[in-house]
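Below is one structure, written out as structure tokens; comments come after it.
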Amino acid sequence: MKNWIGAFSVIDFISVGILITAVAMNALRRLESCVKAYTLNSWLLSSLIAIVAFMMGETHLYIASFVTLLSKGILIPMFLRRIVKQIKVTHDVDPYISNALSLTISGILVAVVYTSLKEGIFVAGFSKNVLQISIAVIFIGLFIMITRKKAITQVIGLLFMENGLFLAGFSLTFGMPTVIELGVLFDMLMGVIILGIFTIQIRRAFASADLDKLTILKG
Amino acid sequence: MMITILLIPIVTAILCYLLRNHRLIGYVNLGGAVILSIVAVPVIVSAIASPIGHSGMFNGMFYMDALSGYIMAMVIFLGLASSIYSISYLEHELNAGLIDIKGLRRYYALLHLFIFTMLLVTAANNLALMWIAIEATTIVSALLIGLGFTKRKLAIEAAWKYIILCTVGITFALLGIFIAYYASIAIVGTEGALNWTELKGIAAKLNPSTMRLAFIFILVGYGTKAGLAPVHNWLPDAHSQAPSPISAMLSGILLNTAFYGIMRFTSIVEPSTGSVFTGNLLILFGIISIAISSIFILVQENYKRLLAYSSIEHMGIISLGLGIGGPIGIYGALLHILNHALSKPLMFFASGKIQAHYGSTKIENVNGVLSSMPLLGILTFIGALSLSGTPPFNIFISEFAILKAAVDKGMWHVVGLFLFFAVIVFYGILSGFGRMLFGRTQNTEDRAQNTDKESLSSGFWFMASDLIMVLMALLIIILGFRIPDFIDGTIKACINVLGVK
Amino acid sequence: MQYFQFLIIIILSPLIQGTIKKLKANMQGRVGPGIFQPYYDLIRLLKKDMVISNVTSWIFKATPYIVFTSTVAASMIVPVITTESPFDVMGDVIALIYIFALGIFFMALASLDAATAFGGEGSSREMTVAILVEPMMMLSIFTAAISAGSTNISRIAGSGLIFSPSHVLALTAFLVAIIAETGRIPVDNPDTHLELTMIHEGMVLEYSGRYLALMEWAHYMKQMLLFTIAFDIFFPIGIANNVEISGLAMSSGIYILKMLFMAVLMALIESTRAKMRFFQLPSILGGAFVMALLSVLTYIMMGK
Amino acid sequence: MDPESYLYIGILFFLLGAVISLLPLPKVKNYTYILSSTGALSFALLSLHLLFATPRNLFSAQISSLFNLAFSGDAISGFFVLTISILTFAVSIYSIGYIRDLKNKGLMGFLFNIFILSMYAVVLSGNIITFLISWETMSIVSYFLVTFDREGKSAKAGLIYAVMTHIGTAFIIILFFLLYRYTGSMNFSDMKNLSSQIPENLRNLVFVFSIIGFGTKAGIIPLHTWLPKAHPAAPSNISALMSGVMIKTGIYGFIRISMDVLGQGPEWWGIAVIVIGAASSILGVMYALMEHDLKRLLAYHSVENIGIILLGLGASMMFKSNGLYTLSAIALIAGFYHTINHAVFKGLLFLGAGSVMHATHTKNMEDMGGLLKSMPYTGLFFLIGSISICALPPFNGFVSEWLTYQSLLLGFKSPSITSKIISPLGGAALALTGALAAACFVKAFGISFLGMPRNKHAENAKESSLSMIIGMGILAFSCLLFGIFPGMVLTVLQPVSFMLTGLYGTPYQQGSLLGISETFSTISPMAILITLIVMSFATIIFISSIGGKRKIVYGDSWDCGIPALTPRMQYTATAFTKPIRMIFKRIYLPRRELKVSYLVKPFFVKSIEYKGEITPFFDRYIYEPVIVFIHRIAERVKLLQSGSLHLYLAYILITLILLLIFGT
């Protein structure tokens, strides 16, 4: 049992790390750093899955951990870096909300998630914390998408959301059937690639990587 | 057989992408759609009679019952209609130089992939597989929107908004599915815990508070995709920028496939949480959708956007019907799905032709359609009146059923609000299309010289597209007086599937 | 005898007009024409040739007959000296007013027919006055009708004298209505031919010869008829309710006195009042309308 | 034959007419209206069955497993079917000639037939969904007919019409649902039997909604605003049908719900109806007076006449709630009598206006004049219509207004003081209306048909074709017929009266006399007519015996010595109504602009421009502010979709957070 408790605390520890990287993302301005924050986030996620796999002794979780590391930890960051290079923008300055405020709001989001997910809903799983953290990460990811102006940062925000989603998935259910997991991952990968392509097209068509130019369609 | 149905559009897509001759591509596209219909009809008929599962390689992954059959039938019908319509539409675009052969190949390939993804949604037995399929529809259709037949910039903007909003939304839906999965493995274990066939049986035993949470995420998630306000914002942009046959598919059936997810899920959540919770949420979203869209319809200056907002309104009505519940409410909602899938595509098809003729999607630039293109004008009028819920057209019947269900439950506020906004919608639609259809055409002569009139108004495929529109208009009128027994029966079977008593 | 009482009105109406004129002249210190002058005028007119405007249509020619016969029809309904009127089933007081309206309607049309501004002016003003007068007349009759429990004019007359505050109000309003309907000062000046002031005269300006005679005669008849109606419904004392010779004789005598009274009253009003500006008419006619309305309401509230 | 076969034959004829019109047979198209008139005859036979037999179900079919289409008929429906048939018969014949120069003849024929069928369907509907489908079909088809010329102006009029009618329908739907909810049935007949189960306050609500809902269609003040815009925009044969019978379907709906289904209501229902009727009749005719567009004038008169009908119906309801069934029957008959009368004479007048427009290419009276000479028949028929609508004896309007007067006068017999006061006031309103109507039609007929032609078109006007004359002639003859034989109409009305009040035979008829025993009053339009004719002959004989044979010299009108009167010197319609405009300026709120430009100020005037208008009170102070308000809100709401993706994402976040906080 001790071993289990230890494992749980490790899981909590890592998941808090995931949350912190997500919150930190709010304050980052250099696109390079944003990608790095995401990479770190993904690695943490992958290692968490690996620990779960170790605890449960399930092979398919190892595979999941590996696939996560490969796609989210290596392939997607590489892809993002290439796009950053192509669109020739280095910084995402001038967000809609100031650093301090956005950090505060992130805090509030975490608080809201903690209060609204009441006790007693979740009886199984390893940790109530992990679920709440994962939902908080999803919300923060969404919040990043709301405050940032560059297309690429929005994609990163989306990726944070997905990491949070995976965290939730594994913390709740120890993962889905493999086929499904792969399908989900594949879908997301495709989504990110297409978003990347569109990012470049936005840069070309609008002569800017800023999304606030995309307000022609309204009413 | 189910696998065959899914394979046909993939094969068609690949063929379309590989071929080089635009006429040939058109025929292949049509052939694919026709073969699909022929193959699918017996499967759908048997699914409606009794649920069919699938064994073999994908054991337990696919499943069809009356509800899936009902939605699938619409996918296939609209797929066929759009394939036929696309031929003349794309020919025109090609001649007008708005698209090249490469774009044409991509268009047809994506069109059939799009059909495939939607078929997958209806055939999936697994909640997560369905989610994958729905996400796939987003990606494929985003590419179709991004093809940019109109202005490149606008197309990119619309596609970007579409893909971002829907992906965000659907992420939440996946979260909801995880939570539901969590609730279900507590009862059945990991095997098949996400299958309808399993979930249906254990729905009442699931933990209510967990399911409540799951439902919120799924409703917002799929609701985004289904175009429910206040998370509908991608819809007007995407619908207005997509090529008209694609707008027709988006509006007529894509929204319904997303809503199909909500429907399925509601039927699972309801036994544990009680119908008040799900009902109230659905009614809330329904009313907000109707309210917001009606106001936008009222002051809309772009007819394709107007139609898009009308879709939001109708999704709201469907949500309302589902939320009110009871056999009559669900009957109304399901009938409304069908009715909307007939009227809205008709309108988008018509608007595609209007756009081709007048070269604008602004209402103020279109004048005197009834004089310049009488048949099209009449068809547009039938569609517009149907959309505004006016008898003797189809949508009135389903709206009346939904209202009756509301009255049976004593929900007078719903009835009142609905009728209030219905009047605004009527005003908006009639004034918008009235301005386009009546009046004199001053500019027709000049414009006609610019666009190649030969390709526009003659030729076999042009007539075929007219014919399909006339067929839809006839269905709209007939369904306003008489719901044929087989549709009536199918809807009843669907109500059975959803477990409504 | 009762079959022919309407002839009294047809025959004697010019005499009433002559009497009023004579009285008026005397009051104003003039000698004035004799009381039979209207007869001479009518006979002379009947014997003259006619000049008719060539823009007119058949309406112009039919109108004198319609006006004349409708007035005759009206006088058949009204009991003059006996309430045993055989023709009163033909219509009641409401019908009576509408029969008058028929005449006015055609007269107004005919005056538009000649395409002159005078005709249009007369027609427009006549209809305006009618708008103000008709409801008032109707309401004051309502009072009488409600109190008598019938709208049949013979029944109202036969129900005897009912004297109540509401009847006084109604009678006052009715008198104003008579003045307006007969085209007398202060509403209209029957002696003028100045285009700015005339109403009735403007309407018959294009008529000549026998048509003019018919129009004028109808006008006289209408005047006498209105006097008669006023007495029938508000002061039916002395009217016979049988067809015995003695009763009729008695009632005839009283009837002549009544007519004389009205003639004096009219002459008095015409001599002492000045013609009002046309747009001041609504104040007097509106006042009378309110009075009529009050009379009905008073009757209903007070029961008398 | 049984009534169903008349129904099917009638439907068959109309459908044949509709279909044949759409076929590419240019010659045949003109004559499809013969089919319509035959169909109308068949429906007329059906109506007689319905009037004089017990209520019956005519037709029923399934829409889906939830709803049925059901048609049934009773005396009330029968009466309205008859009214529609009479007008349809005449209008169909008229249309043969009228549509000859029309564009899109085929579409016209199609819509014409469907329009009439839908009106029949409305009055024969047996349950609420059938009613709604028929009702809205009628509205939509008439919308297409209003916008038939496809001009922007008609499109706008049509839009206002369609939207107003839709608002009305919304109220009708709610009231139907209220009835359904508390009676548990969608059939009118079952509703009627179970209507006592409805709580009192909801009965009141149903009543109010029926006034709003059906009143919109009927065109009561202040819901009338669409009527003077839409009716003139339609082709004249359609205006005749719209004004003559379509707005009566609103009356039908009101009767069906408030008088038939709900049965007896509290006293204030009747009073409210009387007040609305009085307001509609006075304001309707007042606005009519100021119109110089012949068809708009007639349209406003429809508002007036609906008011008069409501005066009768309101009095009937009032008496019924006071327990005075005999009086209730009289007032009811007055209302119904006026309904059929208005159908006939308003139809006639619109057809006349159509002929005039056909000949002069204008609706503006100020451009007409002297038409009686070039169009003698049209002129005569228009005159008959005018006399009838002014309720002058011996034509039909007189009879029904007389009945209305009588019923209002009888209000003093009512035990309640409110009824006693309100009914003579209603009578005063009716009197004022009558006088105003007379002034209005002196203007309408005098300015357009008499005097000198005011322009070339009027001068060269030609009499209409034979079928148009026959069509009008039928209606003109009916005006006289319904006037001098009131007993004929009463026979048809007694079953209706029996159905709604349980009484037969009040008012009574005796020979040519129409009498009300309660007031010992009688009229005999026939006798009046005979008197007029006999006396005319007597007068002619008398005159020639005194004056002998005399010459008639034709000359110019008196021109004050100035050589030659020109048409421009004639009184205009504007001038004609000036005194009225001045007297009622509180109601009309007239505005005038005078622009004088000088060569040398202030001596030599170059030109004078005069512009005058009356304020369309309801449009300006009720409808426009509401529309502006809604649009302003809409512009605000539009900011929700500002184009910013970030905002949209925020909506998702906020929605979720709110749901998480309040949903779980």
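Observations, loosely collected:
Note that the chains take the letters A, B, C and D in the order they are written out, and that residue 1 is the start of every chain.
Throughout what follows, contacts are C-beta pairs under 8 Å (C-beta built on N, C-alpha and C of every residue); 3 or more make two chains touch, one makes a residue touch a chain.
The shown structure was predicted, so the numbers you read here are calculated from the model rather than taken from an experiment.
Common partners of chain A and chain B, by the touch rule above, are D.
When the interfaces B-D and C-D are ranked by how many C-beta pairs touch across them, C-D comes first.
Chain C has its Cα centroid 99 Å from the Cα centroid of chain A.
Centre-to-centre separation of chain B and chain D, using mean CA positions: 44 Å.
With centres taken as mean Cα positions, chain C sits 78 Å from chain B. Put simply, the C-alpha centre of chain C and that of chain D have 35 angstrom between them. Looking at chain B, residues 160-161, 164, 168, 172, 209, 213, 236, 296, 299 sit in touch with two or more other chains. Contact of a single residue of chain C with at least two other chains is seen at no position. For chain D, residues that reach two or more other chains under the stated contact definition are 638, 641, 645, 649, 652, 656, 660, 664. Interface note: chains touch in the pairs A-B, A-D, B-D, C-D. If you check the complex, the residues on chain D that touch chain B are 61-67, 69, 129, 132-133, 135-137, 140, 144, 147, 150-152, 154-155, 158-159, 162-163, 166-167, 170, 173-174, 177, 180-181, 630-631, 633-635, 637-638, 640-641, 645, 647-649, 651-652, 655-656, 659-660, 663-664. Chain A makes touch with chain D in their complex at residues 96, 109, 112-113, 116-118, 139, 142-143, 145-147, 149, 154, 211-212, 214-219. Contact residues of chain A toward chain B in the complex are 117-118, 120-125, 135, 138, 142, 145, 151, 154, 158, 161-162, 165, 168-169, 172-173, 176-177, 179-180, 183-184, 187-188, 190-191, 194-195, 198, 201-202, 205-206, 211, 214, 216-217, 219. Within the complex formed with chain A, the residues of chain B that make contact are 61, 126, 128-129, 131-132, 135-136, 138-139, 142-143, 146, 152-154, 156-161, 163-164, 167-168, 171-172, 174-175, 178-179, 181-182, 185-186, 190, 194, 207, 209-210, 213, 236-237, 240-241, 296, 299-302, 305.
Put simply, chain D touches chain A in their complex at residues 638, 641-646, 649-650, 652-653, 656-657, 660-661, 664.
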